[in-house]
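Below, subunit A partners subunit B and then partners subunit C, in two separate complexes.
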Partner chain A sequence: MQRIVLLWIAAASLLVAGQRPHYGGTLRIEIRAVVRNLDPTDIAVEPAEAAAKEQLTGQVYETLVRLDDRGEPQPWLATSWIHDTARKKWVFTARPKVQFQNGVVWAPPGGVISMADDRPIEQILRDLARPKNAVMIRGSDGALVGTGPFKVSQLEPNASVVLAAHENYWGGRPFLDAIEIRMGRPLREQALDFEMGRADITEIPITEVRRARQRGSIVLQSPLLETLAIVFDSTATPSQREAVALSLDRGALQGVLLQKWGEASGALAPQWLSGYAFIFPADRDLVKAKQLATGSASLSFSYDRQDPVLQSVAERIALNAAEAGLTLRNTTGSPGLRLIRLRVTQPDLEWTLDQFALALPPAQRNGSGWEREQALLEGFRVIPIVHLPASYLVSPRVRQWNPAVRWTLADTWLPEARP
Partner chain B sequence: MTFRTKLLLITSLTVTGSVALATGAISLWTRLTFERMDLDRRQTALRQFQKDLSTRGQEVAARVQKAAVSETALRVAIEANRPSPDLSLLLNDARTLAETQSLDFLDLVQPDLSILSSAHWPARFGYKNDWAGAENGRISPDPFLTRVPTQEGSAAALAAVRTVNAGEKKIFVLGAERLNPSFLASIGASPGTRAVLWLSDQEVFDANGPLAQGGRLAQLASEVEHSGKPANATIQWDASNESAEAMQAMPFLSGGKVVGVLFIGTSLREQIRLQRSILWTGLLVGASGILLGLLTGLWTTERVTRPVKLLAEGAKAVAGGDLNAQVTISPGDEIGDLAESFNAMTVQLSEQRARAIQAERVAAWRELARRLAHELKNPLFPLQITVENLRKARAQHPQQFEEVFEQCTSTLLAELGNLRGIVDRFSDFAKMPQPTKGPAELNEVVRGAVHLFEAQFAARTTAPIELALQLSPDPLPVQLDQEQMGRALKNLVLNAMDAMPAGGTLRIRTARAGDSVSLEVADSGQGLTQEECERLFTPYYTTKRHGTGLGLAIVQSVVSDHQGKISVTSEPGKGACFLITLPAGRIE
Partner chain C sequence: MARPHAQFAMIRALIQKAIAVLLFVSQIVCAQTLDETAQALGRRVAARIPAGTAVHLTGRNLSSSSNTELAVAQRAIDRALRRRTPRQAPVAEVRLTLSENPREFLLIVEVRRDGERAVEMASYRPPAVVTANLPSLERRLLWEQDRPILDVLPAQDRLIVLDPEKVTVYMRRSGVWEPASTRDLDMPGVRDPRGRLLLDGENLRVLAPGASCRGAWQPALDLNCENQPGEFEGGPGPAHFTPARNSLETDGWPVFYAYARLSTAARPLHLLSGLDGRAHLYNQDQRPLAVIDDWNSDFVSACGGQVLAAKTGPRTGLDLVTAYRIVDGRAVETSEPAELPGGVTAMWPMPGGALVVCRTAPSGRYAAYSLTLDCSR
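Take a look at the complex of A and B:
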């Protein structure tokens, strides 16, 4: 009996040990986007690169404040902040025992950071949460050094990045020894690598999520971070633009082609971020579209042909437009209209609209988020179609990884690594 | 052209013609044979292709049937049966079925042909299928050719339709295999042929892939597309003749519409090469034949023509007066016999000429004797009479003897003078001197000679002779002895006057004839017989009662000494015409 009890205790210990975080191991991630550098002050224009870059720099560099998934500012390197009314400035208390990845201790004078800024504190905090305001220094080799849980071990621009664990991270050493990110990997290659066990986390087209889950694969999805949108250039007439917009059957597109994932929308920013997305119309009016398209010349339609989701959506858009009497010719590099992906990289509407504006035709940058977005969408120069989550195939060995707006790789661990 | 050249030419032409005829005949025969074989091959390939296509159609139908009886299709049919089917659940089903059954195109459609799921165009769900080959709302269970709409346009395909029943409702499974290079390769063409499929000007391919020069089929394809009937043509793919390909075109029909044109082609490369080879061989053989013919001809003609040439030379020698000419040719054939005959002939001719000369000599001597006797007889008779009269007068009339003596001696002297004149003329003819030539003008010579006779012409009042001088207006320079030529001319004029005792016309004409000058002296007298013409220039031959027969002989001698020729033409009663031809001299 005693022996049986001992065996049960041993089995229970093993079970508990299997679910307890382990240190070590290298997490292998593959993405389609390419990142040229990891300088957070250098803002990438291309949405996919900007998104990937923010995910990576977020592991290396930290800001005084961070926005949580609901967009609320949370203390990070600054543990608190008060307003010095007499001196008309904000005083941020620095988190103690913070070291840069090269061992230098982060020690602001007096343990505080003072900031003279008469903007509302919410705006100041959102600004401080942006990657470009990360706390960093130049190392002896001139490279930027941050305080994040991982440091840049190796960077091959446009190809791969290896991040190594920051042993003296103030939040405790991350479980993973390293993270290897292979960039510029086509989706097909990613799928193959995942099947062959050469990658732990890969991207998966949203049109494949259901089939992957039916096969028993683990697919994790982010909040609605991506926006598919049509962008016109100056060659399309207002009538053509409006005809395309009104011909779109977003419901069928989202409900069938995109397997009911995401939300059909006529807004750029998703509802969870802006709160006003429902205001922008997304209904189809084929009759009016046909009227507007009468006598219109064909338009060139381009999109990333390596992206199966964009391809499927573009095909449906072309069919919808053809139903209205407008021909969209699939060409690459010709003027006309483009189908693009926009990506929310921060739970920050203003920042998001700033980022979107980089990839969209110029528009006013003043006013509220709603006003700015309305300006961007004016004249149907940009037609939002749907908001989608980012989807990832995740190996069963990956634990504690959540594809949120910001990845929390410091908490991720691999079970077969050392306990 | 010599006989030898002609013989060579005939030999060469015969060889060349024979080779050309043989080459042309072989080339034509080869072309016709190849064309017949190609046509057979194309028709066989066409039948084979149609058979294979039918087989493939059944295979496609079988695969579509498998798809239709699959659990996936049944699930789709069940979902489609719901009041509000969730198409998102069906989105990938068509693709799954297409992949499973290796079909390029697959649509799952409602009875109203609205698409539930599309393998090749997933985004097309909800839209109507327009390639089901439905006629009057009825879908045929047999495989059919159709054009399937795709994002890139439309694609020709071999399709079949099957029904999936789920309860009261049903759906259709439309599957198709694309007609592409792989399809053609899998069907395969008969040996020596290839299949080319024309679907549009931009979509032309064979089993190896798209044809870069597919546009060259456009015209023929268009003809077939419009007529809906097979057609034939030869297509040349590039500048080289060897690229030519005989094409048989057959329309692919679907529902009465032409969805594509199948070409079965056979390359003409081997045929053209063979024809070229035959041509070159013919040319080579022809050239060799010509060369061989030339060599053989040369050898043969040398053998054949050498004796002929010797005979010709012998004949020429005989013609030149050498009657002793002999030809040395080996006997044994016709030419040898001919040579022997020739030699015998020349011997006979030589003997005959010797005899003729001898006879002529005898005749000449006889004529001379006769002439001499005749000439001498005339003065001798008066001499004899005179002498007899003299003796008679002495005997009978001595008192008148002196008077008679005087008369008789005068007569004797006169007749002796005649004798001497006769002797002198003969002597002159025998001693005809060589001419002393010098530059002269023939017209002047003629005028000088005629001038001497003007008084005589004028004196003949009873039988007048009209002088018709037709002298060349251009000077006629000649090299001649004016005295001798003048004497010859005088003889001719005298002859003419003698020939016209009753008067007439004396016509003297001069003219230039190439490198020579001519002088005609014609009378309108009594004329001469043919025999007289032939003997006229023989010495001592005369047609006149008192002629010596030396006048024309002297004329011929003078003309001959001036490298000239004299001839006479005459007929009895129509006068005579003497023609003298002399070498022309240079004008100085």
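Take a look at the complex of A and C:
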């Protein structure tokens, strides 16, 4: 028993003294993606921009309903809902004491919002949870004003955004005074800024995670949110596409190149989100790939050369294809195939596939998630390769930040003001 | 225009697909129960397999659900696929996978026969689909630290925090909580330390296994401590911590971890968390009425007749706290569950709800929250 107490004291002496969450301070985040505007009704097509935009607009604008981590709709600006006896109209009760960031009180007539909609309620709720359905008004300067915990203080499109605390937020003022997000920052510059103490949260390539942890850095990772995938344009033939798909050695790519992070997969949506990802074949068949590739012309291959993970993966894909007799020429801007990152931004399969579809060749948009995903993958126009977590270097001073599917920066706090 | 070789390859690929990888996919259907879902799925799978074909059924579980669920589904599908077949009949390999996504469980059947592959899928969801919402518990972070938190007590402009080593009074200065005074404690070591802070005007009482303190908390902390268990109203009668253990005792009652008095009935009911890990419901005459199996050891009474109880959540390491009413010996949820960022380590009653301490994952820090319930609903 005495030993337990001594261990206790030893452990306690190594730890930082306890603190209540502090108010104040500015959190500095750097990301590679660029966001042109923060209008939630303007849907971004480019996957990285769409993902970054959803994270940022989620801090500023709110919807009547929000999806929780399991993708279940939960009350947000609407506290409850009820339908009329004919089930044709739904009445949502507005949360009281909600203010827009410019001080205007949100006061729907009678404290309710009525909607004539005879779809199943779950479908209505999922629709209402989408950012484009945020509750917002235009301020006197014409800018959009929301009800979220942070307001847009400064926006330099494609470069930076500063969010300031919404003092009268219905859920309580956020702990932070402000959040500065620098956009379009290459990973090398992010790493440098983190080392120099100029950033609190930066992105880190998955291939650097182990090394960073060995150095003692704090690296936090999200669930498997990213999908690396090959997308073909119309110049590649079906046999070329299938040959590339069958030439891929996903196991070696994930097990060696990506240091066993993530999951090799032939599906677009990760297993945790869909439940059926394992159904899509991901096995290599080099013999068949060689047959399909016989006499095939070379294909041009493009990817973001600033992204070291994409670069390594692309080189391995080209090597696999060469083993099957296909030549992939690294070019930029030419037609052929592209290696891209897709990103889950909400714990909702339909939403995710909608978002993915914007960056992929057109396919049917009806049916179950499984049917839609099958349609997107039909004819090997898209070849998923691996699902990866997003990884972040996080300063020890950042508290209560979790790189979940959706960031909740209102709970994040800093123990001391930055000098 | 495609070259002849490419055209040939295209046709060959189409033929191969048609012959070798014929993938049948039917609509996902939703049914009420696992058994019903599996039966319906079994009938659809059976329709895919011609008469005279033997079936070899295997199952695997990729979900967080128990293997019992898989066995239930496998039995139902096995019944649907049962048939008379000749000794040399061709065999269809049927693999059932119990999988899940954040919203529902999936039963996925892959049928492999003569180089063909068919997939049938069905989903089921044990809890009811969202049609209305129960009241939410309001969660507010009070305190966070690396050392275990045993209890936290907001008192005017101060916050009193009890951990296994000391009592600390924090005072708010310029928006920041700063330690105003502290008192080291010499408590016997306990592997799962527990303790309570009780305020009676200017007097503060600190209770822990085998030790108690009493004294003033303001203007400065001034406590007299002794290695004697102190009594408090935390059980069906005066209760005290059992020395060197984490349980509580009240004369005439079984040893317990947590206690809730339910006062809505004409005669109050008593809910005790027993050493067997289950919650036991007693009447005033100590007659056992019911047992609740799926709660953790921590619960408190709230709003008179309700109970806030912790239980293991669906996500690993994250506990849920939910409000319940006891109806005919069964716990009926009266709030949406509040998910905590870790496992609950302490839970004490506070006005309108509970003080809940959890060890947050993955940091391992301890966080104390107030959870309050709108008692008017």
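Note that in this section the second predicted complex is superposed on the first by the 396 of 419 C-alpha atoms of A that agree within 3 Å, B and C clash if a C-alpha of one lies under 4 Å from a C-alpha of the other, contacts with A are read in each partner's own complex, and residues count from 1 in each chain.
By definition in this document, contacts are C-beta pairs under 8 Å (C-beta built on N, C-alpha and C of every residue); 3 or more make two chains touch, one makes a residue touch a chain.
Because the structure is predicted, anything quoted here is derived from the model rather than measured.
K.L.:
Given the alignment on subunit A, is it a clash or a fit between subunit B and subunit C?
P.N.:
Result for subunit B and subunit C: fit.
K.L.:
Between subunit B (first) and subunit C (second), which does A:251 come into contact with in this model arrangement: first, second, both, or neither?
P.N.:
Neither partner.
K.L.:
Touching A:186, do we find subunit B (first), subunit C (second), both, or neither?
P.N.:
It touches nothing on subunit B or subunit C.
K.L.:
May I ask you to decide whether A:157 touches subunit B, subunit C, both, or neither, giving the answer as first, second, both or neither?
P.N.:
In the superposition, A:157 contacts neither subunit B nor subunit C.
K.L.:
Which partner does A:96 contact after superposing on A: first (subunit B), second (subunit C), both, neither?
P.N.:
neither
K.L.:
For the three-chain arrangement built by superposition, which of subunit B and subunit C touches the greater number of subunit A residues?
P.N.:
It is C that touches the greater number of subunit A residues.
K.L.:
According to the stated criteria, A:396 is in contact with first (subunit B), second (subunit C), both, or neither; which is it?
P.N.:
neither
K.L.:
Considering only C-alpha atoms, give the closest distance between subunit B and subunit C in the superposition, rounded to the nearest Å.
P.N.:
Scanning every C-alpha pair, the shortest subunit B to subunit C distance is 24 Å.
K.L.:
In the superposed view, which residues of subunit A touch subunit B and also subunit C?
P.N.:
Residues common to the subunit A contacts of subunit C and of subunit B do not exist here, since the sets are disjoint.
K.L.:
Hey, which residues of subunit A end up touching subunit C in the complex?
P.N.:
Within the complex, subunit A contacts subunit C at residues 1-2, 4-5, 8-9, 12, 15-24, 69-75, 80-82, 121-122, 125, 172, 237-240, 242, 271-276, 278-279, 292, 294-296, 347, 349, 367-368, 370-371, 374, 399-400, 402, 411.
K.L.:
In the complex, go through subunit A and note every residue touching subunit B.
P.N.:
Checking each residue of subunit A against subunit B gives 207, 210-211, 252, 255-257, 259-260, 312-313, 315-316, 318-319, 323, 330.
K.L.:
Within their complex, state which residues of subunit B touch subunit A.
P.N.:
87-88, 91-92, 121-127, 151
K.L.:
State the interface residues of subunit C toward subunit A in the complex, per the touch definition above.
P.N.:
Residue list for subunit C touching subunit A: 2, 5-6, 9-10, 12-13, 23, 25, 27-28, 62-63, 97, 99-106, 108, 110, 119, 121, 129-133, 136, 140-147, 149, 159, 161, 163-165, 170, 175-177, 188-189, 191, 244, 314-315, 336, 339, 341.
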